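Quick one: this structure, given as structure tokens, is what I'll be asking you about.
Order as written gives the chain letters A, B and C; numbering starts at 1 within each chain.
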Amino acid sequence: MGFLDIDNTTKSYGPVEVLHEIDITVEEGEFLVLVGPSGCGKSTLLNMIAGLEEITSGEIRIKDQVMNGVHPSKRNIAMVFQSYALYPNMTVGQNITFGLEMHGVPKAERDKAMNDVAQLLQIEQLLDRKPGQLSGGQRQRVAMGRALVRNPDVFLFDEPLSNLDAKLRVDMRTEIKKLHHNLGTTIVYVTHDQIEAMTLSTRIAVMNGGYVQQLGTPKEIYDTPSNLFVATFMGSPSMNLIPVKLRVDGEAVVAETESSEGDTLSLSVPNPSARLKSYNGQTVTMGVRPEALTDAEGADHRSTHIEKVLNKVTVTEPAGSDTFVTTTIGGAECVARMRADTEATPEEVTEFAFNMEKAVFFDPKSEDRIV
Amino acid sequence: MQSAPDFKTRLQVWLPKLVLSPSIAMVLVFVYGFILFTVYLSFTDSRILPSYGWVGWENYSKLFRLSHWEIAITNMAIFALLYMVICTVIGLALAIFLDQKIRGEGALRPIYLYPMALSFIVTGTAWKWILDPGIGIENTMHSLGWESFAFDWIKNREYALYTVVLAAVWQTSGFVMAMFLAGLRGIDNEILKAAQMDGASNWNLYRRIIIPQLRPAFLSAFVILAHLAIKTYDLVIALTGGGPGRATELPATFMYSYTFTRNQMGIGAASATIMLMTIAAIMVPYLYAELREKR
Amino acid sequence: MSVASQDTTIRTGRVTRALIYLTLLLFALFYLMPLFVMVVNSLKPLHEITSGNMMALPEVWTIEPWRKAWSEAQIGVQATGLKPYFWNSIKMVVPAVFLSTMLGALNGYVLTKWRFRGDTILFGLMLFACFIPFQIVLIPMARVLGIFGLAGTTWGLVLVHLVYGIGFTTLYFRNYYAAFPTELVRAAQIDGAGFFQIFWRILLPSSGPIIVVSVIWQFTNIWNDFLFGASFADFSSQPMTVALNNLVQSSHGVKEYNVHFAAAILAALPTLLVYIVAGRYFVRGLMAGSVKG
């Protein structure tokens, strides 16, 4: 039993099932991020943990206590909302202590808790202001303060950074990560931003269409996505998907595709699994992240399986630290991440290096990764 | 272990419906229950008091043979048509004029609108004496030396109905103006800019671009005015009392006098039912559309 | 309006503009004329009206008609003036406005923040009730008030106005609360606030403007009502509008036009004052009753 158990939980609105048998266990101190496109059910799941939406079937348990039918205020959780949901008619201080007041905590204790939290978040000078007088970042802090002061078992965050501008978003992200690190609290965090998911989480649940597509550490999700949806949703620019024909020759497996010049490219696959070998002669989808498709000089020196090919460049996009080079391999448009001073020029053939250690393969029909 | 929701939590689930229920109960009884009761009465032989002898459609067939009722509904048709058209024309014109960056708009708007805050009884009283030939406009003109001036519509069977239209227009046209003005102010300025770039004249700008975009305001104005027209009662009572003769009798005054002074409750109920059906025919589709959009 | 709108004025020629101003001014005169006539003639002795010019200012200024209208005029069988009827109206309006606004606020809160299956239909039923011709309920209402012993009483009128007013107040609060962030309610739920605590502590403190709109609308409507007052009230509860009409329509004695005008202004004064003080909210109420959302 974990700290927070989501056990076979489904959610239906009338005859429509929007969440299908979700099974997630969160350990104490974990930072779980629910990520997915809008409408995937991640916010619904969060609201079910909070008690704001009813559970159709299955159980949600916090510290082994079944939470089905328990009022949100009795679950010992706290939530930070997308709009911050600060009470407009109350001061910052009243906002922070409202929950304690509702739980009958005496005034002296409330004030002490408020001051501790205000100090932690550096919002002491704001306590007497109204939310309308605060900037976006300040509101965000107050919203977190309101959650922290309750000292809850689980923190729930519902896209808390999506209303901030780009720079503030990065700052607050770091802030939240620090907070988690220092306080060691258990957090469930919903976002549609895969970078937030990667940077903040200890584990990620990638959701789509009411299903958890994959549950794992950021590294697992990134390096070994369980299906095409996870592969393309996580990572930016997204993973290149190239149709290749597998040819098995004894122990060796070669993935064949065609260059932009019409030449056959044979890329040898390291440590092929038996399962992969069973696809001999078939066309599968090869996934290669942009950073595993580079110029020859930029290729990972520790990798033992670098395959160099010649191909024509379509577009180059200098991004400062790197240059993204677009090319067509096997009829699929691919993005390569090259060094900033690469010599690749549009309409000219240049050398691309595949890091085949990082290549993954998907069954084109089931879209699942071939393990 | 499965913990059943405790009493307080369950109460919280029921509380919203509990709070809403007195209002719903009141509306169901006092509005819909009463409507059913009145509709039922319209099929009975009720005279001075409700009585429950079923007479089928007799009251309705009697009603439509009454010349009194025929006058009332003819008047209604004339009144409603003139009232709605004139209010709309004046309201739209004033709104368009006021929207031309008029100096003093802030002073004019409340002047156009204040009649809406008055009781129809006050409006009726004021216009009753203003239009009275003995002391009102006619008398004023005579005292100014224009001896041949005649303006006695309010005492004239042919024209009395138009004085009701006049007073009603005076009361509501400012409100219609406000509705159109809100519509005009809601139109995206960039669209107007684009149309001006396209070389549209002012006339074409209004005819082709702006007025078509006021469709929702036209619809609302129509619904509100139609419903006010059908309910017009106090104004007639105060202004003409339905007279001279029956010249300004409307369904609302007909219903009241048949039910409470002539003791023909069955016929009164039948006329009320017909009024309700008319309003329902306008309001139900409108409310249905409004509430559906909001989802 | 944004700055960008400044340069998009539709350009009009000078003659057109002059005509526009002229039309606007003429209509202003049209709307003001009856008020002018009422005020001017309420300050004249009677013979100046009957023998003279309605549009002229008084030669002899007098407040006698006002005094008479307020405390002496013959209304019905008694020469009481409007005074007792004014208090009848106040006693009816205050509780009816208060109760209908309270209920409307609670209904709007439930219908937006505690939605349930079928709530829109219930709201539609309440809303349609605002628009029925009240003739359809007169007969049964008279019976029911009689059965409950409320016939001819102020409380009977309060009940009637409450019943037929909650549709509008519910509409106002529902539209207003629909724009109120639901996340605030959820946050308060997690903070442990119950149904009524959320209403009192979170929603109501932010409801100032819509409460004003609802109060003004209800006040104006109920004060100006004639049909219910005429149908269900007796001498002890008749409101101002009914008294004014009785005064003006009474057929015996000399017609004291100056007193009628003074009485009409007295009957209009409370709503006019509200309009002058809070016209902005009055217009908002009017608009919300027609163009929703």
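Criterion: a contact is a pair of C-beta atoms (placed from the backbone, for glycine too) under 8 Å apart; a residue touches a chain by one contact, two chains touch by 3 or more.
Note that the coordinates shown come from a computational prediction; the quantities given were computed from them, not determined experimentally.
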**Study point:** Pair sharing more residue contacts (C-beta pairs) when A-C is set against B-C
**Key:** B-C
Study note, to complete from the structure: Greatest centre-to-centre gap (Cα means) from subunit B is with chain A
Check your understanding: Approximately how many whole Å separate the CA-defined centres of subunit A and subunit B?
Key -> 59
Exercise for review: For subunit A and subunit C, let me know how many angstrom lie between their CA-based centres, rounded off.
Suggested key: 57
Practice item. Averaging only over C-alpha atoms, locate the centres of subunit B and subunit C and give their separation in whole Å. Key: 15
Exercise for review: Two or more other chains in contact with one residue: find those residues in subunit C.
Suggested key: none
**Study point:** Contacts with two or more other chains, residues of subunit A listed in rising order
**Key:** 71, 74
Study note, to complete from the structure: Touching two or more other chains in subunit B are residues 8, 12
Point to revise | Residues of subunit B touching subunit C in the complex | key: 8, 12, 15-17, 19-20, 22-24, 26-28, 30-35, 37-38, 41, 50, 90, 93-94, 97-98, 100-102, 108, 110-123, 125-130, 134-137, 139-140, 143-144, 170, 174-175, 178-179, 182-183, 185, 189-190, 192-193, 196, 202, 205, 216-217, 220-221, 223-224, 227, 230-231, 233-234, 237-238, 241, 251-252, 255-256, 259-260, 265, 268-269, 271-273, 275-276, 279-280, 283-284, 287-288, 290-291, 293-295
**Study point:** Residues of subunit C that touch subunit B when the two form their complex
**Key:** 1-2, 4-5, 8-12, 17, 20-21, 23-24, 27-28, 30-35, 37-38, 41, 49-50, 52-55, 103, 106-107, 110-111, 114, 116, 120, 122-129, 131-141, 143-144, 162-164, 166-167, 170, 178, 194-196, 220, 223-227, 230-231, 241, 244-245, 248-249, 257, 260-261, 263-265, 267-268, 271-272, 274-276, 279, 282-283, 286-287, 289-293
Check your understanding: Across the complex, what residues on subunit A touch subunit B?
Key -> 65-66, 68-71, 74
**Study point:** Residue numbers on subunit A that touch subunit C, as the complex places them
**Key:** 47, 50-52, 71-74, 77-79, 81-83, 85-89, 98-99, 102-103, 146, 150
Review point. In their shared complex, at which residues does subunit C touch subunit A?
Key: 181, 183-184, 186-193, 197, 201-202, 205-206
